[in-house]
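I have a structure I would like to understand better, so I am pasting it below and will then ask my questions one at a time.
Just so it is clear, A, B, C, D and E label the chains in written order, and each chain counts residues from 1 on its own.
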Amino acid sequence: ASGDAIVIGSKIDTEGALLCPLVGLTLKAHGIKVIEKCGTGATQVVRKALLAGEIDVYPEYTGNAPYLIKNVRFTPGTFRDAASGHAAGAAADLAQNGIVWLKPAPANVTYGFAMPAKLAAAQGITSLTQLAAYINAGKPFKVVVSQEFVDRADGLKAFEHAYGFKLAPSQLIILPGGNTAQTESAAARGTSGANAAMAYSTDGQLAAMGLVGLNDTGAAADIYQPLLTIRSEALKKYPAIPAIIEPVFATLDTATLSRLNARIVVGGEPGTKVAEKYLREKGFLK
Amino acid sequence: MSAALPLPLSRKTGLNWPLAAARPNAIALTAVVIGLLSLQWPFVVLHPNRVAPDGDELTVFGLGGMWAALIVSGWLLQALAVWLARGRVRAPALALSLAWAASASYAALTWGAVALSGDQEWARVAIAGGAWGTLAAVYIGAFALYAEAPRWLALPVLALAALAFAAPYQHLGVVMEYQMAADVFRDELLQHLLLVAVSLPPAMLLGAAIGLLAARKRALESVLLGAAGLLQTIPSIALFGLLLPIVGLGAKPAILAMVLYGLWPVVVNTHTGLGAVPPAMLDAARGVGMSAWQMFWRVELPLAAPFFVEGVRGAMLMLIGLATVAVLINAGGLGYFLLRGTEQAVPDLVLLGSLPVVALAFAADAVMRLLAWRLAPKGRVA
Amino acid sequence: MISLRNIEKQYDGVQALRHVNLDIADGELVVLIGPSGCGKSTLLRTVNRMTEPSAGQIIIDGRNALESDPVLLRRSIGYVIQNVGLFPHMTVRENVAVVPQLLGWDKAKRLRRADEMLELVRLDPERFGSRYPGLLSGGQQQRVGIARALAADPAVLLMDEPFSAVDPITREQLQEELLRIQRDVRKTILFVTHDIDEAIRLGDKICLMRDGAVVQYADPDTMLRQPADAFVAQFFGQEPALRRLARHSVADFVRTDAASLAAAAKALNEGAASVTLTTGARTALSKLLDGQPLLPVVDHAGAVAGLVALADLTLAQTPAAASHVNRVLAA
Amino acid sequence: MTRSRIEAALALLCWPALWLVYRQEDWWRAVLAPLAGPDQPVLYERIQLLDAAQSHVLIVLTAMAFVVVLGVPLAILATRTAGKPLLPLIANTATIGQTLPPIAVLFLVTPVVGFGPQAMMFALFTYGLMPTVQATLTGWREIDADVRRAAEGMGMGPWRQLLTVELPLALPGMLAGIRTSLILSVATASLAPITGGVSLGTPIVSGLAVDNASQVMEGALAVALLALCSDYSMRVLQRRLTPWRA
Amino acid sequence: MISLRNIEKQYDGVQALRHVNLDIADGELVVLIGPSGCGKSTLLRTVNRMTEPSAGQIIIDGRNALESDPVLLRRSIGYVIQNVGLFPHMTVRENVAVVPQLLGWDKAKRLRRADEMLELVRLDPERFGSRYPGLLSGGQQQRVGIARALAADPAVLLMDEPFSAVDPITREQLQEELLRIQRDVRKTILFVTHDIDEAIRLGDKICLMRDGAVVQYADPDTMLRQPADAFVAQFFGQEPALRRLARHSVADFVRTDAASLAAAAKALNEGAASVTLTTGARTALSKLLDGQPLLPVVDHAGAVAGLVALADLTLAQTPAAASHVNRVLAA
């Protein structure tokens, strides 16, 4: 980090584009000098930048801990629970990398599936259990997913395991580095015959795209709460940061995040503007 | 990557066509056909918001019979002008009918479509296949006109410019994207230019040096040219990725990669240029008592300059395109909009990213060609 | 005075010059001639060290050229290259002023000089000075090439097939021009050609080469009269005497005895065509062949100066020979 | 003679050799292991390198087929007297094609053509058209006017002139352009996975997403090998097809 | 028989041909000559319709060429282009066989024909047949060009400065070759050159052009003897008679009276050099100029055939003229 400013990074996705200026604006409002490097890169890239000290803080998710913190064996199921997941992750990261986890937002950003609303209504699918039944009935199903979703233990495999279905390779359209907007747009358009997409629970664009999200009724997935990760050196310089940021994060529940994401994706507003409006609305900014 | 033929120079292309045989009729008629066919396709699509996959598709007829009538009559006039107009009325007739068709189409897109968006908060009008087809038709028609009466091209251009000034465009998706992100757009455009501007000079100098070395040292020739060419074969995203651990994030690796990519056209053209200096010329230069250095500065360099400029032109076009990839390693640039557009699945945003890139490339192309033309050895007309 | 001593030149495998010895006196125009690939250009280029000889010595005005700086040497020697080699990106005037510029003359002086040189080769500096060479005809380009070589007033001039790229008529003009300039400025010139007529017309001496070696080095008349061997004789062709005649004018053959003067005057009165003393001998021969039995010769002022007839135009050394013919024929 | 034989043999042999190399994933693993992070897979596991390569080649070849089939006749048309006014149009359109970022093309055409290699093929087509068209035009321009005149004077009709004289003589220029297009295409086809196509870029894109340098390197190296092989083969082909340019 | 009637040709602005009328008899070699840009090539190319005349008629063997298919017409007319224009991508043999192939001859026949033609122009088909033209010397390329034009045995041959790109020695060989071939195959040939000696040597007739118009059309001797105007005279230079002599051999001038025969025999006995009846007149002239008073002439078998002396070599029409000279000189 350069000089006495705090360097903020973020992942290169919609939520990153929202949370990064949200943090930046809040800190600035408290007179802390800030350098924004929003959209630093993919998860691994931002994380590396943080460890290398190129950035001081960036928003992460609790459930990501097993993938970020190497060489630590977490007890299975730790991240199914919000509190224990945060505690375990925070302790490990601090011990191993000197990274402090602030208090998370009360939202859960998890994987799920989305389908065109018309199809879902016609087939009477509202939950993943019903989806599994639909799939197992051999009805046409083709889902657009990201590479990561396929590869991760808590991704597709977890869903297949929890709900008891198995997708054939021909039922998957895998986009390496793909994100939910891409997958959802493909499902909405039916590109290449797709009729479902990998989605996040906080995605705001589902309705606008004519999709419905099928949420994780069986709790197959780990819990992903957004939080700010910060290097302890930076925290030492600005010990006030948790006190400034945590109240803001506390207001970000799943519905709120979803709404704000929608403003960015559906409305096309820049993340900064959405963040600023929200902060004013909530009185964090005058 | 040899030169595209410069517009004002296309007559000098060496094939010595009889000048009189210019017969753009076929081209103009192609334009008419494409223009008329385009009317069948949806002209615009009304989307309820920027990510909605579907929307109301409207042909020109859907926009209102008046617009359709105007556009159709424009194209028909063009066809008539091509067939019937002769002598002094021909050029104005061609230009006028083209201006008519182009203006009517643009008016339909602006005045005609503005009513559609209504007062829905996120509703927007996307340019659809029919409009793109019409654009292609006008573009082709413009070249047909250029072949016959280049000066008259001013007429449709002026007409469109006047319309662009007068007509509303806020309802168009691309424009809405721009307006929502005007500040970012300005920054990213600047960043894009900066990336190109910073990486071009080193590419030029280094490329010239390598080209010179390759031209001078026979032994190194194939190695140097091969190495510069090999760099081209590494996919740009891979190069960016590979440089990441070495130089970190941001503009630095982007510029480094861009310099490496920019080398090739410069190296190849410098090498060709120096090789193309006639040996007799070098002999003469040596014979009048020029030292190796004087020979280089006074003879080789001026004679190879047009090639070098051609190489720089190639590098510049390449870098303008390449800078769009820099966003992947957080170096910004117009690629920002491509990436965001891809990420959010918003075609209008992708357009907002790509249209300026094409415009930039065109501008750079024109400037460099002019420069190359100025630098070409005079008096080669034989 | 240029002396080439035992010059040898090998290119890998090829012996381009073999043991060449050549002395060129000041103010002499020496023509190098020979079959293609015999080493003419190579020899010429050793003089300004465009080609470094493998062995041997080059002495120019008593100084060893191989020990002086080649770049400076070249500036002191004019060089007219085959196919002109004008710089296409410089104007005619700049082309001519190139060597003065290299020598560091100030601008006014070198431009003045360039214009002088252009006038010397009969190109109007006003009209042509600021044009680019690409816009000139072949002959004009050749003139500029000569002007450029002469610009720094070098004592030595090397010309490598300078007129090979122009049509025969222009070529003749350029040859005449060169002879005129040479009369005025008197340079030491080495001139390569493969045109025998050009060699005979221009050369004070001719150096005939073959396979890198000098076969014969002599003045044209000697060369044609006494070829050193069959190769030389064959090289100069079937009509050596006709070629020698090209170097003579009517004055060399005119009869001025009283009878001839009278006959000439009579013929003139009868309206016969006449020639002057400076008319080329071949022109006179041609007229005589045309059936006119004798040609009255007039001098510069138009006065009768004598007479030539066919039988006079012999190049035999002894004047006796001519009368011998007459005797035989009269018999 | 012998030299050209050796070259031809090398050009022919480099393909099976490449095939072999792509099959030996162990070699790749051994070479790239140092680049991989502690518990990252060294290679991209989902798709065999060889399959990715085949798909890559297919994408490139399809795109190039269109480039050649469309670009060359278009350029030839522009060299005909009647087609002269086409010249600026073609030149400019090709310029647009080349500067339009392939990523943008990819994204814009995906909704129309669907996921998979088609979008990449289209993007490569627009990207590769210009070098081929330009070089073909240049090749034509460099045909000796005397040769053309001789052909006419021998009594060749326009078609025969085109096929038996102009085409072979413009071949060097054309092949040079096709070669440039080909190399650019081979490199650019790495973008295919962005829209669901499989190519040697798949390990690269995925490696970048999960920050796995060895996968990025895997893809980059594989593409570079393919490009080298293509380049060499094209060069040999060029020499074989123009034996008179000794 | 080729008849050009009132041929006109305008290029935009330029009048390249003005009212040209020309009749070329079968088996005649007509040379077109004139200053650069006078329209020689344009005129030549109207015959095989490479250039379409703006007005006028072209009649070849009674048929109107302007009404026949130009492509077929060209196949029936041999064409040798300036700078050869061989197809670089075809072997020598393929180049020669081009027109036969166009005419649809079967492969064996056209290859045989190609080899015959190569032999005709003195190129070994074995050695050269499968080479590419790029590997041949300029002179060899010219030969191939001629072979190509002759391959389909056309009655008419058009040659546009065919020998302009080769050195003088090769050029002379090619001219000789052409004359030899012409003796054998007797084509109707239109031949463009800008070399006067070539024109005189080769032409049965010469057509001198200027600014697109024919200035004089006559056989070389007439042209040189009776130039139509000052331009023609100037064009052919100062030595017209010497040039005319080039078309004569010793046989045209030999004296065969008893006194001459005796003198010749005596001179031969004394070891004087001799010439044969077929020796070129200029060669004999050259020898005579060299001081040898008279030249014994021998015939093919070596027997004394007569004698020439300088005074004999006149081109006057009346034989009386010669004796007149002798009388004047003897006086």
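Operating definition for what follows: a residue touches a chain if its C-beta (ideal position, glycine included) is under 8 Å from a C-beta of that chain, and two chains touch if they have at least 3 such contacts.
Just so you know, these numbers come straight off a predicted model, no measurement behind them.
Student: According to the touch definition, list the chains common to the neighbour sets of chain B and chain E.
Tutor: Of all the chains present, those in contact with both chain B and chain E are C, D.
Student: Following contacts chain by chain, what is the lowest number of steps it takes to reach chain D starting at chain A?
Tutor: 1
Student: If you average the CA atoms of chain B and of chain C, how many Å lie between those two points?
Tutor: Measuring from centre to centre gives 59 Å for this pair.
Student: With centres defined as the mean C-alpha position, give me the chain C-chain E separation in Å.
Tutor: Once rounded, the distance between the two centres reads 30 Å.
Student: What whole-number Å value describes the gap between the mean CA coordinates of chain B and chain D?
Tutor: Chain B and chain D have C-alpha centres separated by 22 Å.
Student: Check each residue of chain D and list the ones that touch at least two other chains.
Tutor: In chain D, the residues touching two or more other chains are 111, 194, 205, 208.
Student: Got the chain A residues that touch at least 2 other chains?
Tutor: In chain A, the residues touching two or more other chains are 45, 186, 189.
Student: Chain C: which residues touch two or more other chains?
Tutor: In chain C, no residue touches two or more other chains.
Student: Any two chains that touch count here, so list every such pair.
Tutor: Those chain pairs which touch are A-B, A-D, B-C, B-D, C-E, D-E.
Student: Which residues of chain B touch chain C in their complex?
Tutor: So the residues of chain B in touch with chain C come to 280-281, 283-291, 294, 298-299, 302-303, 377-382.
Student: In their shared complex, at which residues does chain B touch chain A?
Tutor: Touching chain A: residues 48-54, 121-122, 176-177, 180-181, 183-184, 244, 248-250, 328-330, 339, 342-346, 349 of chain B.
Student: Enumerate the contact residues on chain A facing chain B in the complex.
Tutor: 12-14, 37, 39-41, 45, 49, 52, 54, 179, 181-182, 184-186, 188-189, 205, 208-210, 264-270, 273
Student: Going by the contact rule at the top, pick out the chain C residues touching chain B in the complex.
Tutor: Counting only chain C, the residues touching chain B are 48, 50, 71-76, 79, 81-89, 98-99, 102, 131-135, 148, 158.
Student: Which residues of chain D touch chain B once you look at their complex with the stated criterion?
Tutor: Interface residues on the chain D side: 79, 81-82, 84-89, 91-92, 94-96, 98-101, 103-104, 107-108, 111, 130-131, 134-135, 137-138, 140-141, 145, 177, 180, 183-184, 186-188, 190-191, 194, 201, 204-205, 207-208, 213, 216-217, 219-220, 223-224, 227-228, 231.
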